[in-house]
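Here it is: the structure, laid out below.
Naming follows writing order (A, B and C), and every chain is counted from residue 1.
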Amino acid sequence: MNTMNRRVFLKTVGVAGAMALNSGAARGETESGNDPLAVLVDTTRCAGCRNCELVCAESNGLPEPDVMDESVFDEERKPSETQWSIVNRYETDVGEFFVKKQCMHCVQPACTAACLTKAMFKTSEGPVIWRESKCMGCRFCMISCPFDVPKFEYNSPVPKIQKCQLCWERLQEGERPACVENCPADALTFGKRSELIAEGRRRIYADPGDYVDHIYGEHEVGGTGWLYLAAVPFEQLGFRADLGNVAYPRLTEDFLYGVPIVLTLWPAFLLALARATKQEPHIPNVEA
Amino acid sequence: MEASGYVDIFATKGIEYLLVIGFLLALVLFWRLLTRSTPRARGVGATAGPAPWFSLASDRFYHQGHTWAVPEGRDVVRVGMDDFAQKLLGQPRSVNLPRVGEIVEQGEKALGVEIGTKSVGLLSPVGGRVLDVNEEILRTPRLINEDPYGKGWLFKVSVPRMAPTLKNLLSGKLAWTWMENTVVSLRGRMAGELGPVIQDGGLPVSGFAKELSPEQWDEIAREFLLTE
Amino acid sequence: MSDPRFVPATMAREARSFLRFLLGELKPKGKLLTPFNVISLPVILLGAALLVVRFARGLGSITNLSQDYPWGLWIGFDVITGVAFAGGAYCITFMVYILRMEKYHSIVRVTVLNGLLAYIFYAGALLLDLGRPWNVINPVIGNSFGVSSVLFLVAWHFLLYMIAEFIEFSPAVAEWLGWKRIRRILGALTLGAVIFGITLSTLHQSGLGALYMMAKGKVHPLWYSEFIPILFFVSSIFAGLSMVIFEGTISHRVFRSQLGPAQRLSHDSIVLGLARICAGTMFVYLFLHALVFLHGRRWEFLDTSLGAWYLLEMIGFVLLPLLLFTRAVRTVSLPLVRVAAVITLVGIIMNRLNVSVIAFKWYEAVRYVPSWMEIVVTLAVVFAEIWAFRWIVNRMPVLRPSPAWAEEPRLAETAHLKLVKEA
C-alpha cells in the first residue's frame, strides 16, 4: 500500500508540475478559451452550390453574388473586400472537388498579434473579429496573415478591413454561422474544436479510402478554427503546405521578448560608459 | 502535409563556428588595414612614405594657424611658424614682423611674409607686448625654411597670463592629431595626385602652395594659415 | 533694475520685440529662384494636391497598393529606408557624448537636426499611408495597447525618439530665441536624451526588420531570416553615416558662408573618420550575412533571377563600397569616400525595398509597381524636409557657432576651436 501511495503521489506531482511548466506561465503567457468554436469542412461532401456564399452576403450586408453563374469556377478565386467567403472548384485525378475558403480563425492568429490597436481581436469563444472603432488602417494584419485573408477597401475614404467574422453577432444570439446553417450538403459542421477534430478523425478511420489521413488546420500555423477534410492531398485543393506548425506570433516572440532587456541593459551600459570616458579639463604644465 | 521525422536544426552550426573563427582572424587583419600605422615621434605624414612630411617640435604649443609658442621664463614666450607653414609658403622675399613694444592678440594677424608679388599674413599664437624680434631673419629670410623651430624664430612676447593663453593652444597628442587632420585636408586638395607636391625623396616641395594653384596659391595659403 | 510699477510695460515691450523678431525670421533668406526651388516647389504643390485626392477618395485613388501588396513605396521607401538613413543621429551622438570623440563635435547639431526632421517627415509619411488615420491616437492614448505587435513598439519608439531628438536639438532653438535660462536647462538634459535616443534607435531600427518576421513565406528566402532585425540594425549604422557624409558634402557647399575656416578644414578628417567606421561596420555586416547565408542554406536559391539580384545587392552595393571606403581611407582620397557613400546609400535602398516590396510575394503573377503619383508624393515629402532643413539652418546656430553666452564648459580638446575669431 505504501509503495502504491508513493507512486501515485509522485505521478500526480509530476503531471501537475509538467502541466504547470507547459502551460506557458513561465513564458509570461495567459490562456483563455482552450476549446474554441470551430467549423469542420468536409470537401468530399461539398457540391459547389455556393449557397454559403449567398447567405454569407445576405447575413453581413454584402453584395450578393450570382450563384447560378458557373463561370466563376474557371479561375481560382480568393475572398475579396466584397465577399468574405468563396467556393473554388478543383479538378483532380480522383474527380472534381469544391472547397470553401474564408478566414481560418486561427487558434493563435497572426493578425491579432500584429494589430497594434487591438482592432483584430481573438474572442475568448474563438472567432477572430475586426473592430471598426479601433482600426487605423495600417494593414499590418494583411502583411502578417499566412493565408492572406484580410481585405482592405482601397477605394473608400473610410476603408474597412473585410473578412469572415464567423457570424459573431449571430453567435451572440445563440445561432450558428449562416453558412453552416444553410449548407444543404451537410458539408459544414459547427462545434467545439476538440469535438470537430474527433469527428474528423472518426470519418477518416471509418472510410480510410475516401479521405487523406490529415485534418488541415489541426496543426498548421499552430492550429486553425476552420478544419478541412479532403480526399486528395491538400496542395491540390489550393492549400499551402509550407506554412509549418509554429503559430505565427511565435515568430516575433524572440524579438519582442528581447525589448525589455534592451531597455534595461542599454541605458545602464551607456551611462556607465559615459562616466568612464569623462575627462577632466587639462591645464598644460608651464616651465618656470 | 509536413513530413514528420528527425530534422537536424543545428546542421549548419559546425560550419558557422568555423566561419566565426575565420571572421575573427579576418577582423584583426582588416582592422590593421583600416587604421594607419602610428606615425613616428617627430613627424606626421603619408601612410606609405618613408619620411614624415611635416615635423612638429614636441615641446611647443601650436596655434591652428600654424604658428608655435614656447615659454621662456615666467612670462616670456618665443614665437615662430611651424614646418608646415614654411613648406607651404616657400622661401619668403621678406618678412614683416611686428615692432618691439607693439601689442599682439592671440589669434589675430601679427606678421606677414612676402613671396613673389603676393603677401600672406600669419596669426599670433599668443597675446601680449612684443619684447624682441629676430633681426637675423629680416636679413636672411631663408632661415625660416632651414630651421623653423630654432634659428628661424620670429619674435618674443611678454605674456601677462601664461596659463590661460597656453590652454588655448595645441600640444602633445592634440597637436599631433591636428597635424594629421591638416595632412588629410591637404591631400583632399591634391585630388589623389601626389606628384606635384611631393618630391621623389618623399618630402613636400618647398612652397607647395604654388604647386596646388599657381595663380591662387596665396588664397590656399591663407586658407590653411587661417588668415582669410 | 525695473521699477515694479513699470513691469507690465516692459513685459509688453519685450513681447512686442520678440514678435517682431519672429516675424522677421519668417521672411525668406537668400534667392527665391534657385534651380532647387524651381524644381521642388511644383513637386511639393502637386504632392499636396494628390494627397487631397487620396484623403477624399481612398488610398486606391493614387496608389497601386492591392490586396496582395498592402505596403508599397511609402512604407518601403519613406518609412523603412528613410529611418535607416536617419541612423546617423544615434551613431554620432553615441560617438560624441558617450565615447567623447570630440573630433566629431562640430557635426552633432546638423546630424541631430537631420535625424529629427527625417523622423518627422518620413515616419510622418506613415500617417499618409494609414487607411483610417483618425484612429492613430488609439495605440497612443491607452485606449487599446496592442502590445503583442511589433508595429506598436515601432510606433511608440518613433514618437518617443522624436521627443528625444527634439530635446537634443532644442538648445539650438533656445539659442536662436535668446532664451538663456532655458538653454542651460536643456543643455543638462542632453546626456539623458542621447542615452534614451540610442536605446530607442536600437529597438526601432531592428523593429522595422522584425515587422517582417510574420511574413515568413511571403519574403523570399534569400532575404527572409530570423536575423532580419539584427541586420537592419547593423546596416542602419553605415546607412546613417553614409548619409551624414553625403548630406554634409552638400551642406558644406550650400551653407559655406556659415562655416569658419577651421571648421571647413576639419570637415575633411571628419569625413575620413566616418568612412573608416563605415568600412568596419560593413565588414562585420558582410560576415553576418555570410552566417545567415549558411544558416539558411541560401546557396540553393542562387541560380534564379532573384538569386542574381541578391548577389548584385551584396557584391555590388555592399562589398564594393566596403572596398572603396577602405581604399579611400588608406589613400586619404575624399572624392572616393563620397562615391563609396553614394553607392552605400543605393545599396541600402535596394536592401530595404527588397525585403518590403521587391522580394515580397515574388511568386505573384502581377507584381506591385508604384504609381507615378506615389512617387510624386514621396518626392514632395523629401523636398519638404529639405525646405524645413534649409529654413532652420539659415536661422538657428546649427552650422554656424553658438552665441557667446551659450558657451559650454571647455575641455582642452575643444578650447582651441574657439580660438580663431570668426568673421
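FYI, a residue touches a chain if its C-beta (ideal position, glycine included) is under 8 Å from a C-beta of that chain, and two chains touch if they have at least 3 such contacts.
The structure presented is a predicted model; accordingly, all values stated were derived computationally and were not measured.
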{"item": "Pair of chains whose C-beta contact count is the highest in the structure", "value": "A-C"}
{"item": "Identity of the chain that, by mean CA position, is farthest from chain B", "value": "A"}
{"item": "Chain occupying the middle, per Cα centroid", "value": "C"}
{"item": "Chain centre separation in whole Å, for chain B relative to chain A (CA means)", "value": "67"}
{"item": "Centre distance in Å when chain B and chain C are each reduced to the mean of their C-alpha atoms", "value": "34"}
{"item": "Residue list for chain B, restricted to those that touch at least two other chains", "value": "167"}
{"item": "Multi-chain contact sites of chain C, meaning residues that touch two or more partners", "value": "412-413"}
{"item": "Multi-chain contact sites of chain A, meaning residues that touch two or more partners", "value": "244, 283-284"}
{"item": "Interface residues, chain C side, partner chain A - complex", "value": "55-61, 63, 65-68, 70-71, 94, 97-100, 129-133, 135-136, 138-139, 143-146, 148-153, 155, 191, 194-196, 198-199, 202-203, 206-207, 210-218, 226, 229, 409-413"}
{"item": "Interfacial residue positions of chain A with respect to chain C in the complex", "value": "78, 80-81, 110, 112-119, 133-140, 142-144, 146, 148, 151-159, 240, 242-244, 248-249, 251-252, 254-256, 259, 262-263, 266-267, 270-271, 273-274, 277-279, 281-284"}
{"item": "Complex interface listing, chain C residues touching chain B", "value": "103, 261-262, 264-266, 268-269, 272, 276, 279-280, 283-284, 287, 290-291, 294-295, 297, 326, 329-336, 412-413, 415-416, 418-421"}
{"item": "Chain B residues touching chain C - in the complex, by the definition given at the top", "value": "12, 15-16, 19-20, 23, 26-27, 30-31, 33-36, 47, 63-65, 106-108, 123, 167-170, 174, 177, 180-185, 187-188, 191-192, 223-224, 226, 228"}
